[in-house]
Structures are given as C-alpha cells and as structure tokens.
C-alpha cells in the first residue's frame, strides 16, 4: 500500500476536528487534575486519620489501575447508579481523577519542600490553618512544581486516545473512523503520530521554559 | 472455475501450519465465545467445517473491530474474515468474497414504544437524533449514506456498549443486524426496550468469507466445499440453530450482492 | 504585688525517649527582660518553642497573664486547649527565629503587614503605615519593597523582628537571633534589640550566646543545664560571681573562646 | 445460568497475557533504558543523537499511535508481528524511552569523585561504568523503575485495542457474552491493583536488599 | 647522575578566566618524598590532579620517567596523548584523595582487589592475598569484609591508601589525606604514611597542612603561593628559617593557629 497525498488532504479536516476535541479534553482534564491533586494532597494530610488513610487508599487504587478500565467504569457502570455523564464529561473526569493522583504526589513533594520554619513562622504570626495554607505554604510550594505538573499534562495529552473507547470523537477516534471508512490505516495513523509529535515537541519547549522560569526558588 | 488444489499455494501453506487464522467480531450470534474460551457462533462454525474439509484441521480466531478487519487482512494478519462482514460493492473491491454464508436484515434497538418513531436510517437525519453503530460496520455506512450527519452517527465499540447506551439514553437507537440485536435483547431481558426490524430501505445483506486479494484460488476451493455443504443440508444444520436462514443464503449469489448499487 | 505574666508550673517534655524538660517551673514578671543561657542542648529553645505553642507539653501547666495556655476551662474542669483557644493565647506572644523564617515569596513590607491584616483585620493602609514605622525603627524602611532573598542575614533578622512586633505581642521570644549571622552583621541586630529594650515595655525572653549583650540587657539571667535551672540572678552577680560550679565552667569556656562577658 | 467461574477463568487467561506483556515489555524497556540512557551519555555525538531521537520520538508520540503503527503499518514494510510481539515492542520501546531518562539522571547523580577514583585506579571508561557507576546508580533508579513498571502494566490494557486478548479485552468479551458490565470490570480493576501492589512490594524488597551495607551513603 | 622521575616543564592551567598555574616548572627525583605546602587556593591540589590526569594542562610538558605524559610521539613530532597513552602512563601513578572516594557498594577487600584484577589481569586469589597484606600493613585486615559505610573516616582513608598501593605505582600522590578527619583519627593515617615512607622506595608527593608531619617526613618542602613556587628547601631550613617573607607569614599564621611545626 502506497502513501497517498490526495487522501491525506481529504481526511485532514476530519482529523483537525479530532485535534480540537483532544486539546479540549486535555485542557479540561488538566484543570480537574490540578484541583483533584490538591484535594488529595491536602486530604492525605488531614488530622483525621481515617479520612487521610481512606483518601490515600483510593488514590493508590486509582493510580495502580489502568485509565482505560476506569473510563469503562465511569461510562458504562456509573449509569446503573443513576450517574449519566456525556462521553466528553466522563472522559474529562476519568483523566482528571487519574492524573489527579499523580499531581497529588507532585503537590506533596512541593509542600514537603517548604521548610518547617515557614510553618512555625506562620504560627508565630498567629495565622489560621487556612491562612497558613493559602498565604504562606501554597504560594511557595506551587511555583517549583509547575514543571512537574506540566509534565503530567503532556502525558495526559498523549493518553486522550483512550477516550475513543467511550465514544469521544477525539483525534484517534476520528482517525480510526476514517480508516474504517476507507480501509486505509497508514495515512490516518501516521498523521495522528505526526500531530502528537508536533504538539509534544512544542510542549517540551514550553516545559523547558517553565523549568527555567519556575524550577528554582530563591530563599 | 475451481482451480485444482495442486496450484493452490496458500491452501498448502494453511494445511502445513494446520490452522487458518480467521478474524471474527465480538458480536453474538455471528460469533460467540463460551465460558471455556472456545470460539463458536455461526460464522466461525461454518468456516471451521469448510476448512476441515479442505484439509486444514482447525481455525484460530482473533476478535477484531470491523474497521480493522480488512486492513488486517491486507496486512496479512488474518487469512480470512468470517465475521458477518456484509458484502458491499466497495468491500468487494477491496477483498475477494466466497459465496454468501449468513444473511440478515438490519434492525434498530430503541426505547419501548419507539417514542421518536424511527423507521429508516434517514429518520436520524432529522432533529439531531443519534444512532449508534459499530465502527467501520455496514450500519455506520448505511446511516451516513442516508444523509445522517457524521456527528449523529456514534461509533460504539461493541453491542453490549450500544445496548447500555440506549438504556442510559445516550443514543436514541442502536443499529445491528436483526439477529445480533435479538441476541442482545435476550441477554438484557429489558422490558423498556424494543426492536424495530427490518429497517426500512435497508437491503438484506449477506456476508461471505472474505479473503485477501490474490488468494482467489483459496476462495475458489472454499466455495467448492461450501456448495457441497449447502447441498447436503449440513450448512443449514450449522447456522439455523443460531437463527440464520440457510434458504436466504442459497437464494442469492456473491455476484449479485457485489454488483454496484443501481 | 504584681502577678507574673508567665507562670510555668512543673512542665515536662520528651522527644521520643529523650526527656528534655522534667518538671521545670519558672516565672516571668511583666516588663521583665530575661536572658536564658546555657550549654547547647540544655533545652532553651524548647522552652521558647513551648511558649510559642510550636511544641506541646507532656505534663504541667503554663499560665499567661493568669490564663492557661495549654488548657481551658470546660464544665468546671480543665481540658486540653483547642485550636481556637491557642489562637487567642498566641495573640499575646511573638517570636523571632534563629533562621529568620521570612516568607520568601513576599516583599519586606508584605511580610510585616500580612499578620495584622489577616489576624486583626487591620486595613491595608493602616497596616502599611505601622509597618513603615516599625521598619524605620529597625532601620529597614528603605528596603520595604525588596524581597527577602535580596537582603543580608542581618537585614533579614531585622525585618523578622519588625514582623513579630507588628502584632504588638505582650511577650517577645528571641531564639539566638544573632547566631546565624556573620560576625559583622551581629551588631546591626543587637542595636535593634537595645533600642527595643529601652523603648518598649514588652516582656522579653532571649536565648543568646552573646554574654556581653545578656549582661547589659537582662534584668535577670537564667542558667540552664539539662532542662533544669542551675542558677539564676542579676547579670552582674551571675557573670562576675557565679555560685554553681557548672555555671563557672560554662562561663570559663565561653571566655576562653574569646567572648566578652 | 451464567457460568461465572468459566468467565472468571477467561479473565484469568487474559491476566496471563497481561502478565506476559508486562514481564516481556519490562525486560525490553530495561534493555532500551540502558542502551539509550548510556547512549545519551556517550562520547560519540552520533550515538548521543541516535539515543536522543529515540527517546524524544517515543516520549513524544502516544503509545496508541506506536501500537497501531506496530500492528497495522509495519506489516507493509514487510515486518509482520503477532499481536503479542507488537504489544511487547510498542510497550517496551515506549516505557524504555521514559526509563532511559531515569538511567541518565541516576548516572549523572553519581558524584564526580567516583569517576576520579576510577581514573586514579586506571580503570577504563567501560570498566568504570560497569563496575562502579552503574551499580551505584541502580539503587537510585530502582524506585522510579518500579513506577515505570506499573505504568507499563497499566498501558497493557490498551493492547486490547489491537485485539490482543489481555485482561481488559477478555473483560469486554465477558461483558458481551453475559450482558453484565459490573462483574468483569470490577474483577479486572482488582486484578490490576493486585499486580501493581506486587510490583511495588517486590521493588521495595529489592531496594532494601541492594541498599544493604550502603547505609549512610544515600541521603 | 640520576634522571628526575617527574619533570614538569612550564605548564599552565586556567579554569575559565582564572589562571591557576602559569609556567610552573619543577622536578622530582626517584624515591624523593616531597611535601607541598602553601595557602588555600595556591594550586597544590591542581598540580596533583594534573599529574593524575584528572585535569588537562593548557600549555607546557610533563615527563614521567623521561616519557611525555600529555604528549606522545607520532610521525616524528609530538601530538596530544590519546586515551591509550594515558592509560599506560597512569600505571606509574597512584593517588589518595582528601575524601577517600572509596566505592561505597563494594566491601573493603573488593575495593582493594578491583583495580589489579581489572587492569592488570591478576587472578582473584593472588589479588586477595596481596590485598590482605596491604590491609594488614594499614591495620585494616580485620575489616576486609566490611562495607565502607561501616568505617570511620580514618579507617576509610587507610583503605583508600591500601587501594592505591595495590596497583604498585612508582609515584604516589596524597592530597590532604588527613584534613577531612576528626582530630583523633588523623594519627591513624599519619602512622600509615610513616610506615610507608620508611618501608617503600616509592616517590611520594604529599599536600598537607600538618606541618609537623611535613617536617619529619619530607626530603624536600615546596612552598606554593598563587601557582608559583615561592621557596623550596630541606624541611629543617624551611621551617626554622624561611627566607621569603611570604613563607614567614604563612608559617607564623599556622603556628598561631596551634599547629606544631
């Protein structure tokens, strides 16, 4: 089978539709993962032992099982208990929860890296727990973790093809659909690869910049 | 004209390796996988028997998406597709088919009472109704050809998912061949669902064993044995328990089914 | 007779198996300037950290202005203090750390205004005005916009003092506030402490290795060893004529190392 | 009625495939990690370039693209792989690219003084790497390798998309055959988690063994 | 007349813009015990590291036993040495580092046997026999099976010496081999050096701040400052009657700091 440029131009608009969905899912998933990760990181530090342990176990479980299976679960099993999510929403929740367990580790490391003296100074300033978190600890903890977070968002981007299993029409699904229609796999799959590589390379350049910008803290 | 077995290199190769690699779909009753992992179902059973007669003792089935079957055949991943891959002119151009094996009409799975009154695929083109179908399958093409926008034809990975999506109200209807839908319904035993069959305007389709272009000799040998089985009634004995009609398959020919639509 | 502002009553504190304080009692009078001296590991920092509620005590009682620090009355009895009680009690106490612990992501002025704005609801304008006065007092008003990373150690420590003062605590705790500084910078900070001593009527507890400073500054000196008060007295007596042998050897070593007493 | 134990054994057959994929994929990944990780540190620009290209390509494109490529496109280049081979190849090369960076980082984390001791003892570069640097770096790599292995375990679920009868795939079959969604998916979630735990604990045990006698060396 | 075993001829070395050595020349005779002393940053370590080929030189020549170290003859001229040439030359030289640099993942005996087995193809049994002799000499034979992490600093340094000796180099370089040790442990290592000095006819170059040791141990002392030899001579003359003012101030400071000369 030969490479066919005409075919490439023919399917390009369809694939671009897929790229849009892929990027949308990544962006929404990233936001959710950032929030969920923070929730898990804080929850695991809760003085309530049972809560902390419970959240810890759930996070470990989610991190130790495949996203694909989780997506099936969210999409096909949750409706049985009355939770019906659209494919994109289910996909974003799956990505967000799964990657939230990764970003939680990043947050944890970032928080642990804030020196103990900062907690003590906050206490000596009589700040409340909430004020200590929002004004003292997180503002110091978050900038150094931005590169690591970005890293996970790039990884998430590359896992969006999983969403095709729950009928989200992202890039990979569009490509498969094109392949199904014309019985040609070479061009669509190669193009998907090229799209991913191109976006990843741009993302890596961006990441280097983030590392440069936020990677270090002055004390 | 059936060629003699002597110059059928592909068949010799299959005999030598002792099995043929067949692609099947995960779609009862065309295919079924028992709790013991044994592959059965109408299409593989026919293929198994034909190959046995050709001197190839067994088949090794691999489950595949419809869309991946023809590329897989072309890439040499399978020797033959026996999956309810219905004959259509484009497909006939891409592969070589045996004489018809399993025939079926199309059906729709909808909510009880068919609230939106679907009768044909064209009905989905109106007011944004959605229809689910297997990716790369016949139903997807029929819907698209009937003018349903791409965004309203939802590619669903397998029948069970399609059933679930109708139950959950994610799609308005799910389309598969009649027998497949009936099988799904039987397993689901869901009072709130209903089958619309046949879909108006959709032709009755037959599948055949699909071979890679260039394997015409093998196909011809396959046809010879298939014809003998049809004649002896053995064919009917294999497929009718699954609900298929042997008469339907014997009443038409590949040449007719592959002819470009009028 | 005035009541003591701090009343420590038979407190004990262990870290794991290691008992740092074992039934220590002491009192501090309002406006008193107290120097805590003693060998490394004797528990001086621990006492200050306990007063700042950075460590809990295992046994005993502490009262600040007659009010229990780690306990609160409930149903007629005393129960362990909750976070709200501690927050209330902490208003009376400020602490300056050996390693400054400035908030590195905030400018100097923000470091000083943060706590008054958040904990006392002071308006920004008022907080900044007061912060500038304090920064002026410690000689740092010119650096109000600077970030901590741009300051020398001595400058950081002066800002840390201003930050602690901004909450107007009745009791200030200083833990070796000069020992992380290069020798040239020590003076800057000591000058500020002098000023503070002379100008305010805060109660001050100061852990230090600067014997000269302790001598001139303190109303009373406590000499600690292994979590116990070995000797206490007026600085003049203590430094010129220590009674306990342990105090004598300690002071002799300090002098041998070239420190002025 | 439904033969659950039969279907469970079907899923267990899939589990065998999953384990095979994980073990063989990890083996390939390990080899690639060292080849590419050491390649990036090579004195020869050509080798460095080659290793960098490999790493960036496989980290830059999605595992799905690689899988589909290995399965559907490579045959046109005359390389026809069984699904298992394609799965092992794609997973091993993909995770190997990530692990290569771990190898590189770990080797760079070994102090300059160890190289100098090598020179002073007249060991060749290769001897120094093999006997001195890599054995020490191994301990640094181990925890991250454990994470990589879990990533690989989870990624095996995507091979179900190329029709390899792994655990997820079998779960989908069981679902089609029985019409029950919860049973197969819950079963495999638990199995995946159990496998992940096994990896975690084996790596920890290995780490403890290797760290024996090195107390005080690591910080 | 014997030829010098090391002949350093007008070598220069910069790090970035900073010129450490600028046209330094010196010679060392076989069996000579040479002490290099001088203030911090004067380039002593750099000279040893250059001899061990841990740093390259920018200009000049070094000959070991008459053979060029950084150059090799090719097509009638001299070209920069390749790795093979360096490997051959390194056989003549061993070095002991200030921070020991033992291989932490190998037992003591493996540390000592590794290089002979790998670089000289000595059989394991023979290598271990020789290693035990060396460990015995440095008083470490009892710890042969221990891991480096289980040793004290002085013990580590003695193993490091045994490890360097195992290759039987003609020239041994010691870079402040006692300065990373606690005062109590220094003696252990100095004792080994004494023994080595007395018992072998290796050429030894030793950078040290232990003036007493340098005095008693060295045949000749070189005093460096800013990459230049300021003064050289027999230890007795040098320490009792330094001629250069720079040497005098240096020695005075060292004595003031309480070191024996």
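Order of writing sets the labels: A, B, C, D and E. Residues in every chain begin at 1.
The rule we apply is simple: a residue touches a chain if its C-beta (ideal position, glycine included) is under 8 Å from a C-beta of that chain, and two chains touch if they have at least 3 such contacts.
If you want to know which protein each chain is, UniProt gives these names: A = Ectoine/hydroxyectoine ABC transporter permease subunit EhuD; C, E = Ectoine/hydroxyectoine ABC transporter ATP-binding protein EhuA; D = Ectoine/hydroxyectoine ABC transporter permease subunit EhuC.
Computed from a predicted model, the values in this text were never measured in an experiment.
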{"item": "Touching subunit A and also subunit B, the following chains", "value": "D"}
{"item": "Higher-contact pair (C-beta pairs counted), A-C versus A-D", "value": "A-D"}
{"item": "Mean-CA-position distance for subunit E and subunit A (Å)", "value": "55"}
{"item": "Distance between the centres, which are taken as Cα means, of subunit E and subunit C, whole angstrom", "value": "51"}
{"item": "Centroid spacing, where centroids are CA-atom means, of subunit D and subunit E in whole angstrom", "value": "46"}
{"item": "Touching two or more other chains - residues of subunit C", "value": "none"}
{"item": "Set of subunit A residues in contact with two or more other chains", "value": "1, 76, 165, 185"}
{"item": "Touching two or more other chains - residue numbers and ranges from subunit B", "value": "65, 68, 71, 75, 157, 164"}
{"item": "Contacting chain pairs - touch in the sense defined above", "value": "A-B, A-C, A-D, B-D, D-E"}
{"item": "Partner subunit C, residues of subunit A touching it in the complex", "value": "115, 117-118, 120-121, 123-129, 131, 135-136, 139-140, 143, 217-219"}
{"item": "Sites on subunit C touched by subunit A in the complex", "value": "49, 52-54, 83, 87, 90-91, 93-95, 97, 99, 101-105, 114-115, 118-119, 147-149, 163-164, 167"}
{"item": "In the complex with subunit E, residue positions of subunit D that touch it", "value": "113-114, 116-117, 119-125, 127, 131-132, 135-136, 139, 213-217"}
{"item": "Of subunit D, residues touching subunit B in the complex", "value": "3, 5-7, 9-10, 13, 71-72, 75-76, 80, 83, 162-163, 165, 169, 172-173, 175-179, 181"}
{"item": "Subunit D contact footprint on subunit B (complex, rising order)", "value": "26-28, 32-37, 62-65, 68, 71-72, 75-77, 157-160, 163-164, 184, 187-188"}
